[in-house]
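Listed below are the structures to be examined.
Next come two complexes built around chain A: one with chain B, the other with chain C.
For the complex of A and B:
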């Protein structure tokens, strides 16, 4: 699986949306099951999968999926 | 959507919101009285609220206190009543982040909900596992022989309590659902704050504060005797307030986690006082 496929799989699993398509514009408001707990679970799963560790400022910088793409790129994860 | 600090002028709508959206059935007036308790000269707000189109859609409450710990005054922020309307829960964590990013405070959460624990762990809260232990109170005829005294009178309590406990007593004495007792002899008194509650319709002393776990264990029988004379047949105490579990005690199966975010507070520093556990009459209430 590519990094993008892995990331998409995490979102689908946590949000329980098997058909979810990640786009840079996607936000929590677009998915009804995407609450704060799901947000934390996505972050934690991504940390585990890609071997990175985000801090609280990173977390606060993520307002949509595109922000997360950029953040991952900063940590050396190419999507 | 914006997150604003809760000021005095916001308290009525905030308390209305908590009354309407928490299952506890605590009235707006009771919430108001609790929020208005002044336990710190360093109270920047009463927590934070999430606002959408001029409407409160989420709240996280805070009780600030200045507590004497090992001779030093420490600013503690006890976080409570984190409540966000379902359609805004993608933003609820930002309320918490806002509160814990206030510099100079040490943070506790005494009544976390199980489904929130993963979020608290993510925010680096440390979990203290504690369980409720229930024991029966009995008449103990040797209390007088040992010279132990039980003191409940407000004026006399101030005479036997150490400075730190004297201040705790002063800060909580106006709350009528809290009962205060000190048991001991000479200059060794154990100060206990409890609330009379009913469990399975039995009268129970639900202990909220123990000044000294070692003295508490040593004087347990005398304390049980004093409580028995007040019609309280059982005593419920957290395991962390005791150095050993007494014989014939019932230990609650499910733990009561307590959370702390601090590089200073050790487990023993985290108390139930200066919190929703003491500011509100919680007999029969589910937080």
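For the complex of A and C:
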């Protein structure tokens, strides 16, 4: 699986949306199951999968999936 | 009783509406928090929350800072809980280390620990349910039996002290906490509700001082899990509570927070310790934070005991 496919699989699994398509514009407002618990679960699963550890300030700044793409790039994860 | 369908009435609550907007604009994943609370607990909850926000965070700037503090606090807790789900234990830390990192770190305490914890009393359903239990049982008994004073051992934000002072107009209270920041925050909360003449907080480690204080009414909420040796503290509490008096003592179970040291895996462990310290348990209520996410990962819980 590519990094993007792995990331998409994490979002689908945590949000329980098997058909979810990640786009840079996607936000928690678009997915009813995307609450704060799910948000952190996504981040923790991404940390495990890609072997990174984000600062709290980093993931506070995530407003949409596009922000997360940029954050991953800063931590050396190419999508 | 609230029957649902009233979430549109959120507009009637000015500060709650502003908090909701702040969450939606800045932290979309927090977007459902206010409406979920309203849907679950109705106008009583909204009235209490609106009052707290209006009194404690009246300006846009104060409200935004509190919202930011809460989100940082909540995300940090949730992240630690996710790790606890995998590890099954809290990271090993000494009390002294936690005190330096948290309780004596005024910037951390004022910027997100205390506002975060305070808002969690309304935004976390298990915390809110516990405060309702406190009001319906312990506070009701205090009122019925004509309580004139109380001690709050480990005031934290001062939330329960403030509820007590509000409910019983003539009562006076003394709080204890090791954190100067908690003293400042709690006394500010009580002063903001115009009750400062009936309350003071003393910065003191009850376990390591020979201070002799006693009361017929004792509150100690979510302190035990912060300690290396909760039994030592419980013996101290037993000594504070007068014969024939009544206490409200709570603990967090399976809750991995930055300053939680002693891991309680089941409410029964707290009950056993209370009895070992010489308390008689009259009543208790245990409330999980949410349904288990994984079969082998218990959710955080709060348990509250009414003891004599």
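Rule of thumb we're sticking to: the second predicted complex is superposed on the first by the 79 of 79 C-alpha atoms of A that agree within 3 Å, B and C clash if a C-alpha of one lies under 4 Å from a C-alpha of the other, contacts with A are read in each partner's own complex, and residues count from 1 in each chain.
FYI, a residue touches a chain if its C-beta (ideal position, glycine included) is under 8 Å from a C-beta of that chain, and two chains touch if they have at least 3 such contacts.
Please read all numbers here as calculations on a predicted model, not as lab measurements.
Looking at the shared chain after the overlay, A:40 reaches both chain B and chain C. Residue by residue along chain A, chain B and chain C are tallied for touches, and C comes out ahead.
Of the two partner chains placed by the overlay, only chain C lies in contact with A:63; chain B stays clear of it. Of the two partner chains placed by the overlay, chain B and chain C both lie in contact with A:28. In the superposition on chain A, the residues of chain A touched by chain B in one structure and by chain C in the other are 27-29, 34-37, 39-41, 43-44, 56, 59-60. Residues of chain A touching chain C in their complex: 27-29, 32, 34-41, 43-44, 56, 59-60, 63-64.
Interface residues of chain A, counted against chain B in their complex, comprise 27-29, 34-37, 39-41, 43-44, 56, 59-60. Against chain A, in their complex, chain C makes its touches with residues 24, 26-33, 71-72, 74-76, 78-79, 82-83, 290, 293.
Chain B meets chain A in the complex at residues 84, 89-94, 97, 101, 115-116, 118-119, 122-123.
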